[in-house]
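Every chain is named by a letter (A, B, C and D) in the order it is written, and numbering of its residues begins at 1.
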Amino acid sequence: MTYDVPAPLVSRRKVAREMWVLGFEAAPIARTVMAGQFVNLLMRPGPLLRRPFSVYRADGDVVEIVLSAVGEGTERLLDLTRGELVSALGPLGRGFQLDAGPGRVTLISGGLGVAPMPLAARDARALGLEVAWVHGARTQAELCSEADADRYYWATDDGSTGVHGSALDAVPPSEVGHVLACGPNRMLAAVAARWPDAQVAVETYMGCGTGVCLGCAVPRTSGVYDRACTEGPVYRAGSIRWADLPAHLHYRVTA
Amino acid sequence: MTYDVPAPLVSRRKVAREMWVLGFEAAPIARTVMAGQFVNLLMRPGPLLRRPFSVYRADGDVVEIVLSAVGEGTERLLDLTRGELVSALGPLGRGFQLDAGPGRVTLISGGLGVAPMPLAARDARALGLEVAWVHGARTQAELCSEADADRYYWATDDGSTGVHGSALDAVPPSEVGHVLACGPNRMLAAVAARWPDAQVAVETYMGCGTGVCLGCAVPRTSGVYDRACTEGPVYRAGSIRWADLPAHLHYRVTA
Amino acid sequence: MSGSLDVGGVRLKSPVMAASGTFGYGTEVPLCDRRHLGGIVSKGIFLQPRLGTPPPRIAETPSGMLNAIGLQGPGVEALIRDYAPQWASWDFPVLVNVNGETVGEYAELAARLDGVLGVSGLEINISCPNVREGGMFFGNDPRSAAAVTSAVRQRTSLPVWVKLTPAVTDITEIARACEEAGADALSAVNTFVGMSFDLQSRQPRLAFHTGGLSGPAIRPLAVYLAHRTARAVSIPVVGIGGIAAAEDAMEFLLAGCRAVQVGTATFVDPNAIGKIVEGLRRYEELLRPPD
Amino acid sequence: MSGSLDVGGVRLKSPVMAASGTFGYGTEVPLCDRRHLGGIVSKGIFLQPRLGTPPPRIAETPSGMLNAIGLQGPGVEALIRDYAPQWASWDFPVLVNVNGETVGEYAELAARLDGVLGVSGLEINISCPNVREGGMFFGNDPRSAAAVTSAVRQRTSLPVWVKLTPAVTDITEIARACEEAGADALSAVNTFVGMSFDLQSRQPRLAFHTGGLSGPAIRPLAVYLAHRTARAVSIPVVGIGGIAAAEDAMEFLLAGCRAVQVGTATFVDPNAIGKIVEGLRRYEELLRPPD
């Protein structure tokens, strides 16, 4: 079931340099969203089209997203004053699929790829799974200050904290369970090379978010393009033709 | 001299049903504006083009305008929160020309046509002129609650207060001095018929406000079109081909 | 605006339809108040399945968007098998947007769809590259536009609408050619070809390089073209381009259109059409001829 | 972007010029940092004075505006008398936008402006109705576009630029015709014809009914047309259409243009051009050919 609700901004906090968490009151979405699903937000005044954001946390009636300003839409969102309304369409897309525990999941996130992880950790725990989280960023100041897992591991491109390298370099072999990853597409390509069965949340431009425009094409190894907003945004890493998927968002991490 | 300054909203008050006065801090404009001149305001986010508004009052560093919501631009202005910036371009245009007193000016305004009158009254008084003000609206609730003259006269279309009729019907013969008028163009046409030497502030669509687009054409009896933003917006009433000047803004008064 | 109307042999439930490629096959869009749908035009279809173009396929521009989807689709057989049966049970008409690379392909597609339950009419998309003529759009030239129209006309008993290409020197020339070739109505207009560059890569933002511009940005251009078309032909014209509100739809109706189609606005608000039809109630009296 | 450049025989001070009809005669615009002006194109002029069209002359549309000014102007003699002497003293070039209703009028105007001090070049506006051919734009047809171009070329020693009409089926055909007829550069593009209706009056919002659409709304269409033009000819192309920021100007430069013109943005911000030129500094390295 999808909802389109007027959602007032209710909270805002900084979680890293230039990285913010915004909370919107959107009860029906908050109550039903699953890890890896997203909301498509409309701002008026604002750009013509909606902007898609993974749900970061869902708490009671509030849906949280995490973002940085990269263009007009994200700038408008970060300019919102408390109580200002956006139109929130969601929950949209297919999220992470988890089997009940015992077992272990390994969350791997690069930069803003942390977005779907708190919900993934929540759902994994609820299924009795152990959660390890490996998070990477360009530098210490850009690491998300919030994490929610049984064990954490950090990586920075400049070595300012944690492993000197990418999130992938920081995954302890001992911790490798079922891998759920999100980050720049080129990081996800590296994940796919190592763990074809990993579940990855990809990004594409989106025209509608509801499956009608075919703008969010994801090239599958089966040869077809399908829709990130409908069959995705979560895919088996090995099922995507990474070379044909644009890098898009310039996340502040290298893969 | 024209200025383009970032102008924060500093005040807002209601002066009639659906009619508001907004104050913007714009020192160089406030210090130099003359009665009948206007400012061209840019809102971001907002419509593509600036929107022209007569200066209602100028007090210290603050420029005031009076408006009602008639479309996207005016709605944005009325949605502004304190401190929010607009870009204010002005003062623009040729205002009312007054000779020193002794003598008498008669201000005639319909609906939002009150806009240039407080400054006109100010300048007239400074020149030692006596000021009578005749103001008309559809109904009592839509009469501007602020007036600044030696004597006032009201008119309403529905007779709810003052003279039952238009502002023109309410002008006491005894009060007719040098007439300055502003209101819907069809009311100004009636003014022209009665007092060809009256000075009237007209309205047209404006593309630039600075004299380059020729979008603000005003048909003169001399046969030419000239620019409301540059040669105007104040004209000798008898010099305009009223039949060829569109009514534009649907002011809430009849002529 | 309440009450159904006949447009070029198709009985619409309201004057506001969903435009091709912006409403899928009518099964996807959530939250749309279907009681208000005048009808829908399905995503453009070819005889054979098509993969479509590589991503990025869309890019936003001021008050508009560029798209290059490449007419991705399952092909006509899958459409007849998977969607037509559902359409047959709906109370609003579904037109199929037919595409081809040769006149023959259009004709064959029309023949295959003739008599298929659930299909109320065909809308010919002549904004397809004509492979026989160096990839020039069929819709750029009166002769090829007419050739496609009459070929389709001869192979089907269904109402035939032709959807015009906007970027031509004289749209009335094409419109009249299609009318003479047997079109029952004209849809005006399709997207305008546009392009945008990404500064990081120095490359076009779309993988296909060029794309079709849609959305409010094109509305004044579309109103003008629909107006010229409506004055040039005697068959009904369906206005398309940048309609996002009842006021926008009214502009096309005042310009002489009998109905309108809404595209991009559905991406912004899945219930855009429902809201537009409700909003049109306010303007009913405007539509009566002036006395 | 610092340093001057030669474009079609005109020495520009920067790659960003003021577009015709949006900067008057160069004497009006306040607050514009003239040090950054690459050059200006004056408001379109005819041999004789013209009154222009009745108001309303402009209407805002999503991210754009329609205008129908009707080329109001004082005529060439007043231009030579009142403005050219001022231009002669400026350190950036002024091109005159020349207009006519017949090929002969264009030619006579060109002859009159030849050798006038202060005039650095001519930009031919072929988006004028050709009274001899039923009011069809000269720019809609390669033959009449070429006829105007060569007629002007023969009567002047000044650099001749031709400003292309966008709403044609194949702009490259017109571009090549103008190049062969002797144009030194091409300006791409002029406004797109559009229309908008007022719901109160049920009439078009412009007294002239139709108008030219300009502003950010047309940028993706203009970038595409400028790109196609630049690939079709070997003379320089000057990009025009919806440029409001350095990033927008970059799109045209990446599309193959040598310089750009800014129009509507000057209405929004009198110093738009100054800001664009400053902003372009950030992208200088992008303009070097990729290695």
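Please note the rule applied: a contact is a pair of C-beta atoms (placed from the backbone, for glycine too) under 8 Å apart; a residue touches a chain by one contact, two chains touch by 3 or more.
The model shown is predicted, which means the values in this text are computed figures rather than measured ones.
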item: Touching subunit C and also subunit D, the following chains; value: none
item: Chain grouping by contact, computed as though subunit C were missing; value: one piece
item: Chain separated most widely from subunit B, comparing mean CA positions; value: A
item: Chain centre separation (subunit A, subunit D; CA means) in Å; value: 47
item: Where subunit B and subunit D are represented by their mean Cα positions, the distance between them in whole Å; value: 35
item: Length of the line joining the C-alpha centres of subunit A and subunit B, rounded to whole Å; value: 53
item: Multi-chain contact residues (two or more partners), subunit A; value: none
item: Sequence positions of subunit C contacting 2 or more other chains; value: 63-64, 215-216
item: Graph class of chain-chain contacts, one of line, ring, star, complete, other; value: ring
item: Every chain pair in contact, whichever chains are involved; value: A-B, A-C, B-D, C-D
item: Touching residues (chain side subunit D, partner subunit B) in the complex; value: 21-24, 28-31, 43, 51-60, 63-65, 67, 69, 72, 200, 207, 215-216, 264, 266-271
item: Residues on subunit C engaged by subunit D in the complex (per definition of touch); value: 61-64, 66, 140-141, 167-170, 192-197, 199, 202, 210, 213, 215-221, 223-224, 227, 242, 247, 250-251, 254-255, 283, 286, 290
item: Contact footprint of subunit B on subunit A as seen in their complex; value: 45-46, 76, 81
item: Partner subunit D, residues of subunit B touching it in the complex; value: 2-4, 42, 47-50, 87, 89, 204-219, 223-225, 230, 244-246, 248, 250
